[in-house]
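Two complexes, one shared chain (subunit A), two partners (subunit B, subunit C).
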Partner chain A sequence: MSDSKNFILGVYDDEDVLLHAVSKIRGAGIKIDEVYSPFPVHGLDDELGYKKSKLPIAAFLFGMLGTTLALTMQIWMLGIDWPMIIGGKNFVAIPDFIPVTFELTVLLAAFGMVGTFLVSSDLKPWKDPKLLDIRITDDKHIMAIDLAKNKAVDAAQIGSALKDSGAVEVNDKKVEE
Partner chain B sequence: MQVTSPVRKPLITGGKTVHDVTEDICRQVEAKPSKLWLMAFGVSVVTLAIGFLAVAATLWEGIGMWGLNKTVGWAWDITNFVWWVGIGHAGTLISAVLLLFRQKWRMAINRAAEAMTIFAVICAAMFPVLHMGRPWLGAYWALPLPNTFGSLWVNFNSPLLWDVFAISTYFSVSLVFWYLGLVPDFATIRDRATGMRKTIYGALSLGWDGAARTWSRYESVSLILAGLATPLVLSVHTIVSFDFATSVIPGWHTTIFPPYFVAGAIFSGFAMVLTLMLVTRHVFKLQDYITIEHIELMNIVIMVTGSIVGIAYITEFFIAWYSGVPAEQYAFFNRMNGPYWWAYWSMMTCNVISPQLFWSKKIRTSIAATFIISIIVNIGMWFERFVIIVTSLHRDYLPSSWAMFYPTVYDMGVYLFTFGLFFTAFFLFAKFFPVINMAEVKSIVKSSSENSVKKTA
Partner chain C sequence: MSKEVFDFSAGIKKKLAIAFISGVVLLLAGWMLSSTGGHEEEHSEDDHTELAEADDHGTDHDAAETMEAEHHEGDDGHVAEAGEHEAEEEHEKGWFDRVVIDLWINNVYFTGLALIGLFFFAIQYAAQAGWSTYILRIPLSMASWILPAGILMLLTFLFFNHDIFHWTHSDLYNEFNADGSLNTHFDSLVAGKASFFYAPLDAGTFPVFFVGRMVVFFGAWILLFRKLRSLSNLEDQLGGTSYWYKMRRTSVAFLLIFAVSSSIAAWDWIMSIDVHWFSTMFGWYVFASWFVAGLALITLITVLLKENGYLTQVTSNHLHDLGKFVFAFSIFWTYIWFSQFLLIYYANIPEESVYFVERMMNDKYSTVFYVNLIMNFFFPFLVLITRDAKRLNVFLKIACIVIILGHWVDFYLMVTPGTLGESGAFGLTEIGLYLVFGSAFLFVVLKALSSYALVPKNHPMLEEAKNHHI
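Let's look at the complex of A and B:
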């Protein structure tokens, strides 16, 4: 039992039906394991009760790191380590340092945020996605309900709740861990 | 639920379903290469090879192979560099700025436009790299690396160094943005493929499974990347224009350059997107996704940015006269009436007059007219950079140093090389990558396709 999971899958072909279905199923006290979609469905994360992503904070922190590194690098190199007279300008000419500072801020913010996203979503080239239904990446939305997490409700009841919420198909799926 | 106003024209025609989107876009990735594709790809590779001879000669003998002389020390190299960077502005502008403005018509064109951006920036980078003469030492001149050559660090006061940072940041952020968009689509191809293809597209798709949690994060990453890329796009051509604007050469030393260059870049970038998309649309039969509506909207962007460029030309002239500086006045008078008058008037005709034709709805919804004007615009934009660079330099401060610039076959060859590079890369992309962002287009099938617009009307 411990090395396999039993899922009931509700298959939906319309994103608006899916959105209503999510709130109905959750309202009926059934825990949804995850919903899989071929394209982003706006508002689905709210319906599922997911917290807002903290990625913007990661982007901001990486951006600040970029700003700090860029300014420190330029001030240290041209102001402290090897001052050079260039057209009689100040050694530390802050306005001249702004373009490079801006670019490095954007660079670090973008790469840092995308890196954080890839790690937190566990996206990597050697990962096997173990799709519950091959049509997820084509045109069907799949609502997966883990039976082990819904011991209070019996399987037949979950199946009929899915059908009632507008699922075009209800399938059982056993996943070997 | 997304609702689209009935006044909006549908963005997807032909009664497509979500499954049709998968089929239509994956078809060309899965099919054997067509004869037409093989021919076009072959021509690009041959162009690349011929152009490479000029690149090899430049590397072997040095940049003395080019037509530069003591007076005109910058000519085709920088012209081509600025031209390619400008072309590379449409992709990220479409995907980032139009995302922030919630313009859904971007969805059908952003993938190919971003690919074009990446290839155009690579082509642009060829010129400063080759101009270094010994590019294998270039990292020491361009990056702050400790060395024993003399002045220890790079000069952070120089706009040429800002360019290094701007272009490389722009390239890498655009690449990441583009790749992130490709991940869900690679997953779609992976799940339809078998064998070797499944392995390759499987690795490219990073194990994407379409979970709502991942989509939610993915959406916030896209939005922030768009927010970061928007000032980035504007900064890149601003900094390119600083290469000229921070100098003291009459004709270059003007504060109007940053906005004027950015508008020109968007202008030429959209023109190149149209040139390529009209062909791609026809060859891959994507008329239902890239509709006349899309073409018309892009033509309007060309018209607006073209008008900004036109006003900038006139403003430059007025200010040159109004400044009362004889050198400045002469630089502009010489552009118009000097030995390079033909370049100046080609630029004016192509960039100022041709986009004004798009005021006519008939012209901006005509595919043939759009295709021709899109090419004329890019010819004009090449002349713009040539005029700014060469005519400002060729009449030096001393009449004894006055000179003309004549390109050698090597100048032409290096330019040809970048064309070969651009088209080879674009054709490879068009064959092996989904040319339209399937996941995004699928998300508007319900709200913006022909059927839904009819229903709500």
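Let's look at the complex of A and C:
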């Protein structure tokens, strides 16, 4: 079983050139595996045609979970398990519970969202990142094209398309999984 | 090409005229209904009279007393001294009183919308914001209502102050009458606050300080508005960045003044209605209410202009930012609302909690109390929570209209219980006057909007607005 991937990497040094390059390459029928960039480039995800992130849904659900947990906890504690008169209010005085409910909603929504993001993008402390090119942590943008996904197009053709779109270098890269 | 300037066409003017006239008709219909005894909406008045009549110092006494709420500032008596029930009968509140109160509600509400126009304009400059450049002329136009609002506010106060503000009654301030007998109307709490209204004159004469503040605030706002407008027009004609810097300085000056004046205006114009009561959150509360309503109006006008072929440069990215503003500040309003409510509810000090007893625990207003929360928090929160909703015209329109109307309800709830009390109502009269004010407001705003290019021609941040992407 060969667990290696063959990439052609286009190296760009300007995000504006990169943005136009993405649409040119996609327009030429070449599938882009991923674009790596040292900083967020506005409009890149639109150009790459990424689908909308589902992260907000996770955030909403975790938030609702927080609301439910907080209310259940307080109602059970102060209304059922150990009823206490506080300030002459009812045992279950909803307005009193709102600050805690709000905080737990925010907390769970935030933690849940971060956790979901880490899991879904497979980020973990012991992960050994396979950088296609060390310069993406500095000043270069890399457009990675997986040859296995572009069988219809000739590798040399991809290379020249990258050059034409403004890449300052075109490199081959083999990655062992 | 002709779409660079807003065309205030005869068709739009006709629509506004129809709204104005139907407002007047509704007002008159409200008057007819209330005077011919057709109490479809004013059943409360019957209740009121019955209660007052049944109140022959008999056994019904207590029930009536609680119904009328202990701290009934609107009526003449400070009912803390039980036994002053005659005072309530002499103040039979009818259609005219409702109109006066609605006049005040609409004055404060529309003044706020106009002010927020200027405030929004100013923060864009103070924050060096570029994304909003395309829509800057909309809030600037809204601010042209400040001048008519100031005149209306002053006139309404001068003519009807006794109907709106309990503290304007001169008999509250002297412990003894001229003949040396004890003045039963004396109110030591209000007398203690007298100088805030009357200084440097004697309490109970003419409220120089109060009216002076009103005049100074409106004067400063109008002055700075005119300065900003003329600078913005000069920039259109002459170009260059120097006008941007001048506008930035003027904006900062306005923001500093507005920070103080909006708060004091809120105490003066609304909080002093419930003159025994106070809340340190109130300035923020009124500001938050104004701000979210103003943002909703800016967004609504932007969307409507866009739908009618104007502002083609405005993309869903700009709308998204406006939508986020509306969403965030409807939550901000709720936050302020709740902060005020929770502290008062939790401490439960009678002189503070009376405010919510009158609104939340009262048969007449408790519905309005919850409707207020639903319209201004739950509805916009759930409608605007997703990203797509903030980028689509239809969701923005629905949420903005509900918020704009919702904050009228908010002001209604701030003003009416303290003035009309049990005779307050919501009916044709209220809708009519809102239409009258709304159409006049829109007339002034749209006329101003048609007087210059919709998008500032030489604004230094046009390019940034063009490339705005989120």
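Here is the rule we use: the second predicted complex is superposed on the first by the 176 of 177 C-alpha atoms of A that agree within 3 Å, B and C clash if a C-alpha of one lies under 4 Å from a C-alpha of the other, contacts with A are read in each partner's own complex, and residues count from 1 in each chain.
Following the convention adopted for this analysis, contacts are C-beta pairs under 8 Å (C-beta built on N, C-alpha and C of every residue); 3 or more make two chains touch, one makes a residue touch a chain.
Here the structure is a predicted model, which is why all the values come from computation and not from measurement.
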Open item on the list: Looking at A:A152 after the superposition, I want to know if it touches subunit B, subunit C, both of them or none. Which is it: first, second, both, neither?
Closed with: neither
Open item on the list: Under the stated touch criterion, which partner chain does A:L131 make contact with: subunit B (first), subunit C (second), both, or neither?
Closed with: first
Open item on the list: Which partner chains sit in contact with A:P56 here, subunit B, subunit C, both or neither? Use first/second/both/neither.
Closed with: both
Task: Comparing the two partners subunit B and subunit C, which touches a greater set of residues in subunit A - done: B
TODO: Using the touch definition from the top, say if A:P99 reaches subunit B (first), subunit C (second), both or neither.
DONE: both
- [ ] Classify the contacts of A:G88 with the two partner chains as first (subunit B alone), second (subunit C alone), both, or neither.
- [x] second
Open item on the list: Let me test your reading of the model: by the given contact rule, A:H42 touches which partner, first (subunit B), second (subunit C), both or neither?
Closed with: both
Task: Common interface residues of subunit A - those touching subunit B in one complex and subunit C in the other - done: 42, 52, 56, 87, 96, 99
Task: Complex contact set, residues of subunit B against subunit A - done: 1-2, 17-19, 21-22, 144, 151-153, 155-157, 159, 161-162, 165-166, 169, 172-173, 176-177, 180, 183-184, 187-188, 190-192, 202-221, 224-225, 228-229, 231-232, 235, 239, 242, 439-440, 442-443, 446
- [ ] Could you please specify the touching residues of subunit A with respect to subunit C in the complex?
- [x] 42-43, 52, 56, 60, 87-88, 95-96, 98-99
TODO: Show which residues of subunit A lie in contact with subunit B when the two form their complex.
DONE: 13-16, 19, 34-42, 44-45, 48, 50, 52-53, 55-56, 59, 63, 73-74, 77-78, 81-82, 84, 86-87, 89, 93, 96-97, 99-100, 102-104, 106-107, 109-111, 113-114, 117-118, 120-131, 134, 136-139
Open item on the list: Could you list, by residue number, the parts of subunit C that touch subunit A in their complex?
Closed with: 338, 341-342, 345-348, 385-387, 467, 469
